[in-house]
Structures are given as C-alpha cells and as structure tokens.
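Letters A, B, C, D and E name the chains as they come in the text, with residue numbers starting at 1 for each one.
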Amino acid sequence: MELTILVFLPAAAGVLALLLPKQYEGYAKYIALLGSLAALALSIYLFFDFDSGAGGFQYVVNEDWVDVGAFNLRYHLGVDGLSMPLVVLTTCLTLASVLVSFSVTQRQRAYYACLMILSTSVLGVFTALDFMLFFLFWELELFPMFLLIAVWGSGRKEYSATKFVLYTIAGSAFMLVGILTLAFSANTFDIVQLGQQASFENPVIPLGLAFFFLLVGFAVKLPIVPLHTWLPDAHSDAPTAVSVMLAGVLLKMGGYGILRMCVTILPEQADDYSIWFAAVGAVSVLYGAFITLRQTDVKRLIAYSSVSHMGLVLLGIGALGQTGMVGATYQMLAHGVVTGLLFVMVGLMYERTHTREISRLGGLARQMPLITTGLVFAGFASLGLPALAGFVAEVTVFLGTFQRYEWAVLMSIFGVVLSAGYILWTLQRVVFGPVRHEWDGVTDQKQWWEHSVVLGLASLVVLLGVYPAIVMDMLNPAIQGIVERVG
Amino acid sequence: MTLELEHFLTVGALLFSLGLFVALSKRNAIGVLMGVELMLNAVNLTLLSFSRFSVSERPVAGQTFVVFVITVAAAEAAVALALAVSVYRNRQTVDIDRINLLKS
Amino acid sequence: MPFLLAETVTAAPDVEEWMLWAILLSPLIAWGLIVLYFRKLPAIAGYLAIAGVGAACVMSFVAFFATVDADGAILQHTHEWFTAGPLTVNLGVRLDGLTAVMLVVVTTVSLLVQVYSNGYMAGDPGYGRYFAHMCLFTTSMLGLVLADNLFMLFIFWELVGLSSYLLIGFWFHKPSAAAAAKKAFIVTRIGDLGLLAALLLVWTRADTFDIAAIQEWAASGSPEGYIVTLFALGIFAGAAGKSAQFPLHVWLPDAMEGPTPVSALIHAATMVAAGVYLVARFFPVFEASHDAAQTVAWIGAITAIVAATIALVQTDFKRVLAYSTVSQLGYMMLALGAFGYVAAIFHLFTHAFFKALLFLGSGSVNHSTNTFDMRKMGGLRKHMPITFWTFVIGSLSLSGIFPLAGFWSKDEILLDAWRENRGLWVCAFVVAFLTAFYMFRAIFLTFFGTYKGGEPVDHHDEDSHFHGDPAHPHESPWVMTAPLLILAVPAIAAGWLNISGGPIDSWFADLLNGALPHVHEHGSAFEWGIALSSSAVALAGIGLAWVIYYKRWVTSKSIRDVALPVSVVFENKYFLDRLYEDFFVRTVLQRGWNRLLELNDKYVVDGAVNGAGTSARWVSGQLRAIQNGQMQTYGIGIAAGVVIVVVAVFAANPL
Amino acid sequence: MEGFGVNFAFWTLSAVTLGAAGGVVVSRNLLHAVLFLILAFIGVAGFFVLLSAEFIAMAQVIIYVGAISVLVLFAVLLTPRAGRDNGETAMALPALLLAIAVATVFIFVVNDTNWTTVAKSPELATAELGTALLSTWVLPFELASVLLTAALVGAIMLVRSREEEAEDALA
Amino acid sequence: MDGIDIVGPQVAVLGGAGLILLVDALFPQQRKLLPYIALVALAASALWTTSWVSRDEYGAAFDGTLMLDKYAVFFYYLFAGITATVVLASIDWVDREGRGQGEYYALVLTTCSGLMFLSASRDLITIFVSLELSSIPQYILAGWGKDQRSSEAGLKYLLLGAVASSLLLYGMALLYGFSGSTLLPEIATAIRDGGEANRSLLILASVLLIAGFGFKMAIVPFQMWVPDVYQGAPTPVAAFLSVGSKAAAFAVITRVFMEGLAPKFLSDDWSMIFAVIAAVSMTVGNVMAIVQTDIKRMLGYSSVAQAGTFLIGLAAISAGGADEFTLGASGVLLFLAAYAFTNLGAFIAIIAISQKLGSDQIKDYAGMWRRSPLLTLALGICLVSLTGIPPTVGFWGKMYIFNAGIHADLAWLVVIGVLNSVVSGYYYLSVARQMFLGDPESEEPVGASPALMLALTAATAGVLVFGVIPMPLIDAARDAVATLAIG
C-alpha cells in the first residue's frame, strides 16, 4: 500500500496541477512541490523503516491484474535493498527538478504534469515486480519525456526528442521480445519467481538470445557505446529539470534492469556475457571520456561524461561479484546526485547567460561566485574526488572487477585521468580566466529554491561520499542474493 | 474417348486464365469487367463439373453455388457499370491507364 | 556507523586516540567555519585558520614527543568505514616515528606560512577563501600522514591534490593560473593511476589495505616477485606525480602561479614531499623488490639532474626555487632507492624548513618589487636586510654548507648513494655542485648589483593585491619577517638532530626505523671523504656563481653562446611541455584520436541509424513506383501473389 | 461420359468457348468484344447442358446473355466512340505471362489430384435445386435478394445526374 | 431458438435499412432522423444478440450453414459497435454531401448485416454471398463522393475486388470438388480422410482462399488497392473499410482455416504462408507509410502493416495444441477489437480535422494542438495505441499476438513484428510531433460536431479504458474462440 501511494503520488499531483484553472496556473509549481515533498518524505520514511537484515522484498503489494491462464499478470510492487536507494534517489531528484523548474513560465500546468508523471513512471520501474508492469512503467516514461524535451527544450529540440523516443522504443522492442520469451519459458511474469527460477525447461528461444534482447533494451537506456548517441542530443536540448531527471534517474533504469533482470534471471548467460560486459564497459568509459574532451557545448559535454560514467556501471556488473555489483549500484546513485547537481549548476548558468557554448563563456567566477562554487564542487564530485560520492563508487567498481578482468580495469582507470582533464578544462574555460564584460549584468544564484536545491544535492553528494555504509548496508544483502545465483 | 472430370476442369482453367488475362490487360474498364465475367463463367463451369462428377452427399450444392455466383455476378456487373458511368462523367474516360489520380 | 574497535597496540606512544583525530579535525573545523560563516570576514578568517592549525601544531608536538618517549613504537586505531561484499574499507589512524616527524613538519611550516600569509595576502579580495583552502590543505596533508591504510591514504592523497589545485588557481582570473592549476591536478593524477592500480593490486593479492599488513605481505616472500615489483612501481608512480619526478615534474614550476606562501607550504615543504613520504611508508616493499628500488633511485637521479640544469637558466626567481625543489625531491628519491630511508626522510625534514624559508623570502621580495623576474631586481640587500640574510642562510643550507641543516642531510644521502651505487653518487655529486651554483646565481642577481626598478603597478588591475611601490623597495612587515626568522633556526640547526655518528644520531634514526617492521642497518657513519668532497663541490659552485654573476669576469651570455644547443635544451625545459601539450594532447589526442571518435559518433553510429532511415526511404521510393495508381498492376500483384505463393510452397515442401 | 455425340459436343463447345474468349482478347473494338463475350457465354451454357444442368444453362442464357450482356452493350453505347477502344495496357505482357502461369498451375493441380468420380451422372431434378435453395440455402437465397436490391439502389444513386441530385437536395 | 430469432440481429439491421429507405422516400423532410434510425436499429441488433447471450442458446442453424456461437456473438457486437461509430462519424459528411442520405445509411447497414453473416457462416456458399453482401455496398460507398477521386476509388475497389472474388470462388470450387460439400465440417472430414494424398489441390485452394480474403484483409501482395481506396473514398467509408471489412475477413478466414483446413499436414503449410506474408506485410506497410504525406494514405499503409501483425496470430494457430490455438485466435480477436477502437478513433479525428482544413496533408496538421486540443489529444492517443505503446489497448493487442507468436515458436516473426512497431512509431509519432509541436498556419479553432465528439470519445475511451483494464476484452476474445470447433 505504501508503495502504491508512493508511486502514484507524483502522478496524482501532476494531474491535479494539470486540472488547475488557467488563472491559477502559477500554483501548479506549488502543487508539484508539495507532491514531490510528500513523495520524498514517504520514501525517506520507507528507507529508514526498511529492514536491511530481513532481505527479500518489503512493502509488497500483490493483486490480480490481468489473468489469462496462459499468462498471468499481477499488480505486484515491492522494494528490496537494491531498489530502495534508487527509489529515494528518484524522489530526491524529482524534488530537485521541481525546484529548478520554478523559473519555467511557459505552460506550467502541463509542464509539471509531465514532470510528475515522469517521476511516477520511474518509481514504477524501480518497484514493479511483474515483468509486464515493469515494461508498462518503462514505456510510460516516453510521453512525458518526449513532450518535456520537445516543448520546453531548446535548440534542435524536436529532433532530439524524437531521437530519444525512437532509440528507447527500439530498445524496448527488443526488451519486449526478451520479456515474452522468458515469461513463456517459465510460465510466469513474476520477477521474484523468475529470479528464483532454477532453470528454464524448453526455452522458446535460446536463452542467450533472450538475454541479449533484454540487454539491448537496458543498454540503450544506460547507455553504452555504441547505443549512446541519443543521450548527448537529448541532454543538450532538454530543459534543466529534464536533464536532471534523465541523467539522474532515467539512465539508472538501464543499470537496474541489467542487475534485476538480466543477471538475476539468467545468471548462466550473464556469466557467458560477462567478458563482454567488462569489455564494452571499459570501452564506454574511455570512448565517452575521449569524446567529452572535444565537446564545445557544456550540456553535451556532461552528457558524454555520463556515457563514460555509466560504462563503469556495466564494468562493475560484468565482474559478477558482490563488490563489483555493489559498486555499480553505488555508482548509479552517486552519478545520479552528482550529475544531477552538475546539470542544475549548468542550468542556472544557462538561465542567466542563455548560452551553453563554452567558447562564449569565461570568467564567470567573478560574476557568479556561488554558482561557480557549486559548479566546481559538482565538477570535482564528477571526477571522483574522495569524500564525495563518485569516488567510493568508482573505486569499489574497480576493486570488484580487478580480480576477474584486470585488463578492463586497467583500461578504465585511464578514464580517471581523462575525467579530470575534461572537467578541469571545462572549469578553466567556463568560470575561470579573465572576466568577460558581456556577462556583467547577470545575477548570481539568489532565489531560495536555487539555494535549496544546490545545497540539498551537495549535501547528498557529501553524505554518499563520507558515509557509504548507509546505503551499502542495504545493498549488500540484496546484491548477495544475486551473486549467489551467479554462483 | 472417355470424357473425364479433368477435361472439363482443364477447359475451366483455360477459360479462367483467358478471363484473367482479359481482366488484367484491357485498357477499357468495361473490357476488364468482361474479363471478370469470363472468370466467373469458368468457375461456374468448374463447379458444375464437380457437381456432375464428384462423389458427394449433396451434388446439388454445386448447382446451388452456381445460381448464387450468377446472381452475384449480375449485381456486380450492375454496380460496375454504374461506377464506370460515374467515372466517365467525372473524367470523360474509362481508360484504366488514365484513372490513376490515386497513387504512390 | 559501527565503530568496531580493532586495536593493535604494543607499548604504544601514550597518546589518546581522540587527539590524533583532533589533529586531523581542528583545521577541518576551521575550514568549515570559514566556508560557512566567515568567507566575507577576512579578519576572523585569518585568525581562525591560524588557531586551527596552531591547535593541530601543538597536538602534533605532543604526539611527537610521546612517540619519541615510546622509542618509535606504533599506535594504531582502526574503524570500519563500509563493506561491499568481501571488500571492507577501514578508517584508522597510525602514529609512529615517520608520522610524528611528518606531523611536526606539516603543522609547523603550515602554521608559520599561515602567519606569514596574514601579511602577504592582506587586502586580497579572496582572503577568506585563501585561508579556507589552506586549512583544507592542512587537513588533507595531516590525514595523509595519519592514515593507517592505503585506501584512506589514497583519499587524502587526492584531497591534497584538490587543495593544491584550488590554491594554484587561487587567482583564477589569470589564465596562466587557471591553466597551471589544471595542469598540476591532471599531471599528478596520471601518477595517481599507478597508485590506484597498486591499490587494486594489493587488495586483490593481499586482501588488505592496512599498511602494516602490506609491509608484512611484501616482506613475507609469499607473493610472486613481479607482483611486488608492480605494486612498488605503482606506488612510486603515485609518488612521482605528487613529488614531481621526471617525467611528471612539469607541473611543479607552473604551480608557482599560486600565491607564494602556497608555494612555500605546498609546493616546497609538504605536499611535494608526500611522494617521498609514500615511498618511505612502503619502504619494506621496495626493499623486497630490488628492481623497483633501482627504478626509484635512477628516476630520482635523472630528476635531480634535469631539474638542476633547467634551474641554471631560469630568470624567474620563484622558478629557480621550484626547479630546485624538483631537484631536491629527486635527491630524496635517489636516497630512498639507495635504501637510505632515514637519509631521505631526514633530508625531507631539513628541506622542508629551508625551502619554506627560501620561498617565503622570495615572497617577501615580490611583496616589495611586484615581480619575480630577476632581471628587474638587484641590490635588494640594502633595502631588505632580514630577507637577504635569511635567504642566504636558506641557500647555504640548501647548498649543503657546513654546519647548516642541509649539509648533514645531503651528506647522508651522498653516503648512502656511494654505498649503493657509484653511478648514483656521481649524479648526486654533480647535483650538489649545480645546486650551489644556481642558488647563488639567484642571490647575486637579486640582492647584489643595482636595483632595476621592479614591475610597475597596473592600477587598473582590480585583481592585483599589490599595495606597495616597486620603485622604492622596502623590508616586509613583521608578520612576514618573523616567520623568516623563525624558519631560519631550523634551517640552521635541524640537521643537528641526526648528525651521523653524533651523540643523538640513533635517536632520530630509531624514531624513524620504529615505523618499519624490519630494519636493515645502513649505519650512517660519518665519512670524511664524502663530507669534504661535497662541501668542496658546493663551494666551487658558489665560487663559479660569484665569478660569473658578481664579478662578471665571464658573462653568462658568452657561456650561453659557447654551449648553445645545451642552453636551448635547458631553456626549453627539455621540450617536455611541448611534447605533452602541443604534440600529445593537442595533436595526437584532440586533433587525432578524439576527433576520430567524434566523427565515428557522428557518421558511423548516427550514420548507421540515419542510414537505416535513408535506406527505408529508398526502398519505399522503389515500392512507390509499383504503386503507380494503375489498377491492373495491382491485379497482377494479386494473381502473381497466388502463383508465387503456391510455387514457393510446392518448392519448399515438395509434394 | 463417353460416346461420340458427347465427345463431339465437348470438343466443339471447348473450341467455341475458348475461341470466343480469345476473340474477346483480340478484339480491338469493344462492341466486337461484347459479341464474342456473348458467344462465350452461350458456349458455357452448352457445357452446362452437357453436364446435365439444364436449368442452370437456361439461367445462364437468360441472365448472362440477356441481362449482363445487354447491360454491357448499353454501357458501351452510352460512352462515345473514344470509349469503345478495347486495346491493351502496358501491363499486357506481364498479364499474359501471368495468365499462362495461372493456367499452368491450375492445370497441373487439377491433373495432379486423384478425383474420386462417379461414372454415372446423378439424377438431379430441377425441383431438387429449388428445394435446396429454399431449405439449406435459404439464407443465402434471401441475402442474394437483399444484395440485388442494395446493388440496384446503389447503382441508381451512382448514375443519377447532378440535376437530379440538385432536385433531390431541394426536396 | 427458431424462425426469425436465428438471424435476429441481422434482421434488425436490415429492417433498419428498409425503414430508412422508406422514411427517406415518404418523409423527405425528416432526413435528419435517418442516422438515428440506423443507430436504433444497431442498438436493437445488439440487444437481440444480448438476449441470445442471456438465454445461452447457441448452436447451428439452416442445416449447419450458419453457426451461432460465442465467436459469432463477439463479432455481432463488434460490427454493431463499429457500424454505429461509423454512422455517427458519417452524419456531418453525409449532410454536407447532400445526396442519397437514405441510401447511404441503408447501404452502411446492409454492409453491417453482411459482415455479421460472414462471421457466423460455416458454409462456403453462405460465406460467398455474405462476403458479396458486405462488399458490393462498400464498392458503392467508396464511389459515393462526387469527386473524381471517389469514383476512381470505387471503380478500382470493385474491379480488383471482382478479380479477387473470382480467385476465391475458384478456390472454393476446388474445395467443393474435393470434398463434395460446401459445409466446413464436412470439408474437414474429407480432408482428414484423404487430404494428405492431394496436398497440391488443398494448397492451391488454401492460397486462393487466402488471396480472396487477403484482399479484404489488406495483406501483401493483395493490398495494393488499400491506400488508393482509403485516400479516394469518403473518410467515414474509409474508416469502415479499414475496420469493418478487415475484421470480417479475419473472422471468416480464422473460422475457415480452423474449422475446415486444420489438419497438421496442411496447417503447417498455411501457417508458414501466413508467417511469411505477415513479415512482408508488416515491413512493406511500414516502409511505405514512412514517406506518405497524406494522412489517409498513411493510415492505409499502416493498416497493411497492422494486418501483418494480425497474421502473426493466424500463423501461430497451427503450432499444435489447444493452447496455441486459443492464444493465436483470441489474439486475433483481441487485436481486432483493439484495432477497431483505435483506428476508428483516428479516422474520426481525421474526419473532424479534415472537414475544417479541407486537406488530408500531414503538414497541414501542424500545430493542431493549439487549434483543437481535444481532437489532437484523442488522435495522439490513437496513434500511440497504433504504435502499440502502453497504456493503450493497442499495446495489449500487440502484446497478446506476440505472445501467441512466441508460444508457437515464431520468435523470428515476433522479432520482425517488434522491430516493425519501432518503424511504425516513427511515422505515427511524426504526425503526433507535427500536431503537438508544429506551428499552425492559422489559430482558428477546429471543432467537431457533437455526434463526432461522441463517437470520438467512445473510441478513445475504449482505447484508454481497455488499455488499463484489458481483462474484459481478453476474456471475451478467449470465450469466443473457445467455441470454435477445430476441424
């Protein structure tokens, strides 16, 4: 019940905002704010109420939904140690994206409705325990994303929105085939049951192929090279809040899917594929990082850096060991808050200067010291500075993978230098250097919502950096279950 | 020489093919219609041959079928000619090659 | 957080655990307060920083003496930080002789530099920020030396890099400063790759991060030799980055873009010594791998020579000091590679004081002339007597002139090198000569002759914090001279703590040796031969400088003309920067490889997607030709469909 | 089925019917084609007689020759000379090849099949056909009448002139 | 059950047609009433069907030529609903066109009765006559418009339809000749007894039947008339064609192949034919739809692609056991119902918009969101449903059919189907993109008559309601196919 409320609360707030009369349009943001605050509060309560020791899924809801003998779909929600932190991440970033949206003035009601429905769909993905329900939530995310980018975005927004949608649909098309074949081979759509399935008698298609189909769907979302080119486009043209959600939680759906579906349900195939995971993960890390170095658009740059960072997730999973997977999950969380913060800062900057071209920026540290501080902070978090979130994640991934695929890790650690390179170079060009009088009139960060979102995310970054146990203690038992299946 | 079922069927098949050729090659819409009528006649011939030769509990079914085919053919012909006239009114032609506003 | 106490205490120094954490935390608290509340209040920020570092300094001395009392026994407290499956990461502090020495060096120099900065940075718009960064640096450095395991050490290692970045780029509006900061961070990070790899390797092979356990593991002989070597080389790579060893030394001279006190503290006395500290920390590992030790020694030797030769031709006062620092760090590495553990740390110890003194002195000069360009100075001896004399003391100490601190420590290194490998000794010997030469070249250019006017003040530059009048050089205020005077004391006397063969010799060595699980005696008996020859060569260097730059019997220009190719190499810093930045980063990486990948994204990856679309449109166009609106074409389609399907079925599944 | 008369009838009818159909193919004038068509219809009616379906043969003559052909003739006469061209389209050659292919397939299948045939014609009184139409197939029988009505109504609508429609709209 | 009760639903419809003609002739002033008479007749028909259902009196009639089972009932309801929607959608157009109002509705109702008979026939003669009863009025309706395009469409449709009918008839004649009967069960018996030796005949007959029905189903290569006729025919008629005659053709072909041609040696062949045609249809339809600029033409091609998807269900039938049969056939039925809602909704929205714009060009739909939010939203939802994205009924249709395919070891086909869904997403969504994001040529609002709005609301509500709660529809489809006798 709690989960049902949690999942649909944002959407309810969104619909409420949509239904506001035109003259009260300005209140839409407050409704969204209240909704996301409530969702955050509820998720935090659940987080602390969660019994890490008990293992398994908690707060389970399991009702009849579509029952056709041959296949039986259920309304089945639940969270375990793996999904719980991701749920909290989602609610946190939802709140953050609502706050950074306060400056949006165009069609507010529809905007917040889209944003909140997006949040619901992501929460649904993280909590659904029925494969088809999962898929439903997975697809639901397309509409709000499409509209958010295409209507409220900038630049080549329609192209980017369409590209995003088509890539995702293409991926989910493969995923659907994977889902159906698996479900029919096991005669159930229940993710929990599938996850305990000892073996598949008479699979409809070779299980390796089913695994591959599922993987494609998740890999597009993650994204891994070479399925990544939608991401820079989507990011660079999306409004700030959407970039936050996209980088912060949407990409995580891919990693979550790989862990929860691919690896848990088909451990043997995961073992066969693991070397590819490691290889592609390492390639993604480097490829993303190298290309990042050439970007001239700040948001595009961060987007490519996300490709690089998400490669680490794949790398960590590829080791199929507990440390690696915990690290990968932690990397998802860390990247969520860190890149969320990065996009917030870049968004604040963009709001004031209306350009994302690095060559036009420069010396902003004088005109906007607070934003600069935030950007530098986020930048260092992104390049994996210790005591901030990313470091623990990166090192844990490396440690977890090193034993099995030394070469992949040795390749990936070059990403550490490259990330320092592109982040610092960007900082140098954007905020440092001589003052440009073109930007003399711009204001610094000064609204309460701007302060609160930056401080909030920054504290999360620090919290995850200095107190990893708060999440790791929850992840460990959940991941252990997966590792035991891999054997 | 004994006439077998195959003889009649072969004639039917040939007639059908000729009708098909007419239907697919004639430039005039009415010509096409004539081809269709030939095909239907071929079918009727085939049906009646079966009715005559087949081992069947209801040999009458073939004849019945033919009655309906003839009826339907009449109706179809009426509508086809009406449509042809309608096209002619609009376009002053019934040349199939030129009735191609709708394409690609 | 579950604070599981896993103590391994053996007659440890009598220091409460909280105090060690307090040493770490007191500058951190000062940092937090400044950042949160006193950014805009320079008066409070400065004193707060001094208070924080001062408290740490006092406690460090307490810890130091306690360690001395315990004859260098080890105190360790460990707490679990987090676990991820089999991986358990701890946070812990470790107090032993090495830590104690480092604590004292770091806090003392830091405190003095903070005091000095109070004067030097007065009026700078970023005053509060400056002290915050300094506190952050001190915390990181203290954490680095206190860490009881490699993981935690790595954390603070990186944080040190961060503070260094922030301080080098302190005047971020100067493009050169911003670039230098970036360069420093990235180049050191390249070295850190090695450290990271070592971290991964050791956890995979030894299942621990604990320093003591790693030392045991390396010495136990159970791991294959190449593993130990690889681990050691990884450690050394990290050390080479931070300690600016060839070929990663290129960042340090550029780092002089930061405020001078920063250069004194970070890029001379403490942070750059962290690499030496790191190698010393894992000294038993290098002992277990002779190859690694050789590498360390030779890299150190190359660094020392390369840097010293570049220092010969510098015109920037501070850069001379910077290259001198690089050179001296190479010296220390050379010592470590020659198994001169005590000698290296001893040199680190003395070097910290006299190099800090020299940097602060250069800052003082700059404070008065608004420039570091020696060609615009001269004759400052009369205007700035305290600065001049303290600077000379520092230079003499650095040149290894009896009986100043540098003499003793350098002598010990030469001794160890002599014993280990004559080649190394030759290098060290040459460097001793060069050191004396370039230091006194600088002194003669700066303090003697006639004053050449300094750099005029650009009053339109709002970022400048210079308030004096360069036309009339003057002595600096007491907050700046006092630290100079105070530092002059250890620059003179610090060497006496460990006079080879002297009465208190074993005291310092024992203290340091206590940090090692097994001590290999490299007894450092005083050798007259070494001492005399090194003194002689140092004096020769000073003399040559006197001949060329004071008496000007031979002009430097004529020398340059004679040895043109060599000078060009020196002046261009061996072309390393060009190689790295122009060739490798700009050409190979950006214009070549990265561009290739970007084009791949644009044309191959996206091209495949778009190509699918285009080809679908092409097919569609072909099919449209069939869909020509001619009715009978459609009819043929129907009939042909029948024929084709029937024939296909007959063919596929013969009757 | 044997005997000279039957054989003769069969071959003659075959020649006439197929020849007439060929005439439809080759006629350049639509009017000639209609006349050949009528001949083909009559030939087929002859086949029906040969197959002992006299009633159907009669219906064939009345409906096809009487009704449909006349309808076609009217349509031909209603359109001016230009509309009487009965030439081939560009699709003639493919259509020819296709017709040959279809004939080949049909004839192959027809001869490949083992028909179980009765030697003697079943005696089918016309009354039986009537009974069948009014019992088993009464439903299609009724539907056919609906169909004819609908076709009639529709055809009238389609050919009504604009003027009539205008009147209609006023009403 | 006897007498007129057996054909009650059809009689009600045909009676309505007669009444309309009568009223039209006798009371020309009351023409406004005509569509409502039609609606009442359809309601009466549905009521009659319901009374059967409540009496639970199913069974054969007219010596077995007509089969009144739940399968037929399903289609009775479906056709009544489709026709009612088409009638509602026609009112505006017919009013404007002004000619033969009575005849128009009468012909629509006649077609409807023909469709109903088709779904219940179990005899080749009855099937043929019903097919023509539904087709000939459609030929007339397609040529109903006064413009050149409409009469061209009518003539094309008729002449090609006649060719297809001839082929169908030849196939039926062969079946009759082989079995000596026109009743499906008797044909089935004959095939079981002696069919294997005469495969060539049966295959030819099957292919000819597929060609004849495939013409109505709009599958490749019998589909080429579809775009031309859809484009030329009056839009309400095109809607009727795209949904009604297609559904009836699928209804009858399913029955014929299941009850008459089911033996394994034969069904293996036609299943493969269906599978290949399905793949080709989906691909050709989608590829052609991409480049269309006329929305009706685009929907024509998309209907070819959708027909291909239906065929997956048919191809799945032959795999063997009752499960596959039920899945495949009920998948076809479910998808038919889903498709009916969706495509009707789309066509109605197009009717409303095109009437105002006087254009069917997709580019003229730009910015429709601002001119008519409700119509645009409805059309958008229908397009989403056509793509097969949840939470719309189209998703369940596709998903169910894909299910069936995978169960029947047709994973390759399902993969093609899923990929085609992605392609279809491209052009459906590009229409949506035009509507939501394009710049309108004028800001003049586009409205719809109450009747259109009612029809549109019904269709869209069906799309959404069954999208979330698909169970009733699925149950109905399963019940319906459960009564088919497998021959």
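By definition in this document, contacts are C-beta pairs under 8 Å (C-beta built on N, C-alpha and C of every residue); 3 or more make two chains touch, one makes a residue touch a chain.
Please read all numbers here as calculations on a predicted model, not as lab measurements.
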{"item": "Chains touching both chain C and chain E", "value": "A, B, D"}
{"item": "Mutual neighbours - chains that touch chain A and chain C alike", "value": "E"}
{"item": "Minimum number of chain-to-chain touching steps separating chain C from chain D", "value": "1"}
{"item": "Chain pair that, of all pairs, has the most C-beta pairs in contact", "value": "B-D"}
{"item": "Chain whose Cα centroid lies nearest the overall Cα centroid", "value": "A"}
{"item": "Most remote chain, CA-based centroid, reference being chain C", "value": "D"}
{"item": "Centre-to-centre distance between chain D and chain A (centres being mean Cα positions), rounded to whole Å", "value": "70"}
{"item": "Approximate Å spacing (C-alpha centroids) for the pair chain B, chain C", "value": "96"}
{"item": "Centre distance in Å when chain B and chain E are each reduced to the mean of their C-alpha atoms", "value": "26"}
{"item": "Rounded Å distance between chain A and chain E, as computed from the means of their C-alpha atoms", "value": "43"}
{"item": "Overlap residues in chain D, where contacts from two or more other chains coincide", "value": "89, 91, 94-95, 98, 102, 105-106, 110, 112, 115-116, 136-137, 140, 144, 147, 150-151, 154-155, 158"}
{"item": "Touching two or more other chains - residue numbers and ranges from chain A", "value": "none"}
{"item": "Multi-chain contact residues (two or more partners), chain E", "value": "125, 128-129, 132, 136, 139-140, 143, 151, 154-156, 159, 163, 170, 174, 177, 200, 204, 227-228, 426"}
{"item": "Contacting chain pairs - touch in the sense defined above", "value": "A-C, A-E, B-C, B-D, B-E, C-D, C-E, D-E"}
{"item": "Chain C to chain D touching residues, read off their complex", "value": "630, 632-633, 636, 639-640, 642-643, 646-647, 655"}
{"item": "Chain B partner contacts - residues on chain C that touch it in the complex", "value": "624-625, 627-632, 635-636, 639"}
{"item": "Touching residues (chain side chain B, partner chain D) in the complex", "value": "1-11, 13-22, 24-28, 30-31, 33-35, 37-38, 41, 44-45, 48-49, 51-55, 58-61, 63-64, 66-68, 70-79, 81-86, 88-89, 93-97"}
{"item": "Chain E - residues contacting chain D, complex", "value": "7, 14, 21, 28, 62-63, 65-66, 98-100, 103, 106-107, 110, 113-114, 117, 123, 125-126, 128-130, 132-133, 136-137, 139-141, 143-144, 151, 154, 170, 174, 177-178, 194, 197-198, 200-201, 204"}
{"item": "Contact footprint of chain A on chain E as seen in their complex", "value": "323, 326-327, 384, 387, 389-391, 395-396, 399, 402-403, 406-407, 409, 411, 414-415, 418-419, 421-422, 425-426, 429-430, 433, 436-437, 470-471, 474-475, 478"}
